[in-house]
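Given below, in the form of structure tokens, are the structures.
Paired with chain B in one complex and with chain C in the other, chain A is shared by the two complexes that follow.
Let's look at the complex of A and B:
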């Protein structure tokens, strides 16, 4: 276990150092990420103010939900950089993945540590600012349970988004053309999860409840933190499923990943 | 060092290749109803390689060389057949197996693109868990043999192809594998760089007893390096043995080139075919085993006046080309 962690640290350190070689371009890229995603939220905030909230949620409440999802997604995008389906598809095509299979280290660990894109900090920082604004605007009645549960919700979301990346990368073993389809789920899913889910049509919400159980990662935990009633009458413990759903999705995606590797080794490309 | 003989029995690998339909409607139809065609990349190959052998695996593009090598290195699972390398079945125990082999796929690097060579090598030390003393010792030796010092601090992306191949060979051997697989190790290199790579391969084979399997379509690799050659085409092994035996078996035709003392209208001798006749020079080609060179020269001199002559050994390249062609004909 110590050896695995040591290797992970070494491999990631290399990736980080490579990006830091050109410090000015790194800073510029990070800054531009902050600006782009910042402008998106400012626009949204203006719209929300104009219409006095979305679906009965105030600007502060939406900022809380939005910021939380942004921070989690940004963290995932950084930690799971190696599983980003676009880059992973290229690695398979260029044979870099074969080179990993030739090394006596767990293949999942190798892919996981094959990239670590630091400029995602831009999106994380932007999300953190929005989250801070949200926390400032809404008076959350903090309890010990809420303080302890907030990081768990984020972990659940990171695991959930990460599992989508892993499934997306697995699909590139079969076809590279459908990457855009899986990106709709990953990026589109994150986008949809930034808003309270009761504003969506029933079929869409059902999809995100039963097929891709995203609703347990953002909406129900948010209701709990914001002390809001549940319009769908789900049991109270639905708010606490986030870490469980996240871990479950991650386990499922890793199982699919194993199947994908076996398929890849059976067919080659 | 561990001894790892390689045993391959009736190895087969079949790919399903999707057939393209024509036109926009065709593309749609392929989505719903995929027509596939079976391609036999490797079609029943068997061989054994003893520890310490240096074997050339020769064949034209698409013959099945790379597929075989991918199976031997654990990257690919065969459709049927057996492979045993030492105590391992490559694709079943891939992770523990690859710790005991070295592999260089000529067109790809196992090094980190944006790292200086030395840092890549140090990283591999940790990945293969090589003891520091062993690592130092091997690195020192390979640095000298491969002359790495000039570019050891250069990022891999800035290396020339030859330099990169030298760095990759070093990387593949730091953990002292008993078996080394090389896929086209000299492809794209100039004559000097090729020779340096060959010297190194010969060295680690002879001095360290590393078994080497190398694929190539460069015949001089085989002639200069390999005691044994395997020729593959269309997934089947056409020949497996000593290079010299190849000539005998496939009857490489020898030539006697004669300069006559005078001009003859037509020359003809029993047991040989005249393939060229211009001015006072004629080329006789004859099958090995049917007649000896001295016998033929005797017959020629009995009829014509010889001024000078030379005997030419068969050209390997031509022999191999003929093997492929014969196979093409049936």
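Let's look at the complex of A and C:
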């Protein structure tokens, strides 16, 4: 285990150093992400203010939900860069994935450490600011349980989004081309989870409850932190499923990934 | 001119090679459209109207903004950058055709297929699921056609200009990302610009971005009509001309300093 972690650290350090070679380019990209995603939220906030909230949630409550998802998605997008279905699809198509299979190191570890996109820090920083604004506006009644649970919710979300990346990459073993449909679940899922789930039509919310259990990662934990009543009358422990659902999804996606590698046939290029 | 139309045709035909990808894109656009429509309904709440836009029009807007994504290639177009970095551009510059028009023709072919395919299908889906607004008089339909054509010209010239930075810097993709993000933000892609405070609308109107999407939306929904519509179309045409001229100027300067390494 120690050896694997050491190897992971070394490989990721190489990716980071490579991106730091052109410092001006790195700074430009990170700053532009902060600027653009920051302005995006500010303009959304202006619209929310004009309408005095969304679906009964105030601007601060939305900012809390939105910021949490932004930070988690940004962290996932950085940590799971190697599993980004678009880049991974290229790897399969160009045959560079075959090279990885020949190396005497666990393939999952290799893909995991094959990329680590540092400019995602821009999105993470912006999400952190939005989250801070949200926390400032809503004044949560903090308890020890809430303080301890917040990082766990975040970990659950990271694992959840990461599992979608892994499943998206696995699909490219069969489709070769990366498929845009997976964006519905990754980027679409993140955007959807930035708003309170009760605003969606029933069929959509059911989909994201029973088939893809996203509702337990953002909405129910948020109800708990914000002391809001549950319009669907789920049991109280629904708020505490986030880490479990995240870990379960990650385990499931890794199992699917193993099956994919088992059946992998090179494109021959 | 004949070569131009032949290129348009070729590029249009090429679009049909990627049917699976186009279908996947369509599904993604529809999903995001439905998501945004739900956000609109929740934003409006008990209101029937906001900033002169009815809820019905706001829902229609979420369809229009998704319908034009593929048509305007809003999420990034990097072909000239790739061509400069790979050296492919040297061959293209030798062709007996103006370099700007060479890409313009191909982009037009791509855009038309995506408008007729993805764009119209999305609006048909919306018409089936929601009670959407449709342009009324023939004048509005004509205005819409003009707005769409001009929006594509503004969008193409902007994308071409962003790509031209590849002549000067080694990381033009980074600059491009910033350029494209600005265009989502200020074009009215995220929300109708009328929802924003006055000062932000004014700021946007100093840029070409509203002419990519917002003008289409306002003409379609009938928020602009008669002389106001004509003024908006004229404004759009001026930006298309200005950006096109800028493309030619920058292209000439870029080609002069272009060095192709053999191999």
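The rule is short, and it goes like this: the second predicted complex is superposed on the first by the 261 of 269 C-alpha atoms of A that agree within 3 Å, B and C clash if a C-alpha of one lies under 4 Å from a C-alpha of the other, contacts with A are read in each partner's own complex, and residues count from 1 in each chain.
Operating definition for what follows: a contact is a pair of C-beta atoms (placed from the backbone, for glycine too) under 8 Å apart; a residue touches a chain by one contact, two chains touch by 3 or more.
The structure displayed is predicted, hence computed values, not measured ones.
Trainee: Could you tell me if A:106 is touching chain B, chain C, both of them or neither one (first, second, both, neither)?
Mentor: Touch partner of A:106: chain B, not chain C.
Trainee: For A:2, using the defined touch cut-off, is the partner it touches chain B, chain C, both, or neither? Pick first, second, both or neither.
Mentor: In the superposed model, A:2 contacts neither chain B nor chain C.
Trainee: Residues of chain A touched by chain B versus by chain C: which partner has the larger set?
Mentor: Chain A has more residues touched by C than by the other partner.
Trainee: Tell me which partner A:229 touches in the superposition: chain B (first), chain C (second), both or neither.
Mentor: Touch status of A:229: no partner.
Trainee: Between chain B (first) and chain C (second), which, if any, makes contact with A:10: first, second, both or neither?
Mentor: It touches chain B, and chain C stays clear.
Trainee: Looking at A:265 after the superposition, I want to know if it touches chain B, chain C, both of them or none. Which is it: first, second, both, neither?
Mentor: Once the two structures are laid over each other on A, A:265 reaches chain B alone.
Trainee: In the complex, go through chain C and note every residue touching chain A.
Mentor: 20-21, 24-25, 27-28, 31-32, 34-35, 38-39, 41-45, 47, 50-51, 170-171, 174-175, 177-178, 181-182, 185, 190-191, 195-197, 200
Trainee: For chain B, which residues are in contact with chain A within the complex?
Mentor: 15-16, 67, 70, 73-77, 91, 94-96, 98-99, 103, 105, 107-110, 112, 114-115, 119, 123, 126-129
Trainee: In their shared complex, at which residues does chain A touch chain C?
Mentor: 22, 25, 28-29, 32-33, 35-36, 39-40, 43-44, 46-48, 50-51, 54-55, 177, 179-181, 183-184, 188, 191-192, 195, 199-201, 204
Trainee: For the complex, which residues does chain A have touching chain B?
Mentor: 3, 6-7, 10-11, 14, 18, 21, 94-96, 98-99, 101-107, 262, 265-268
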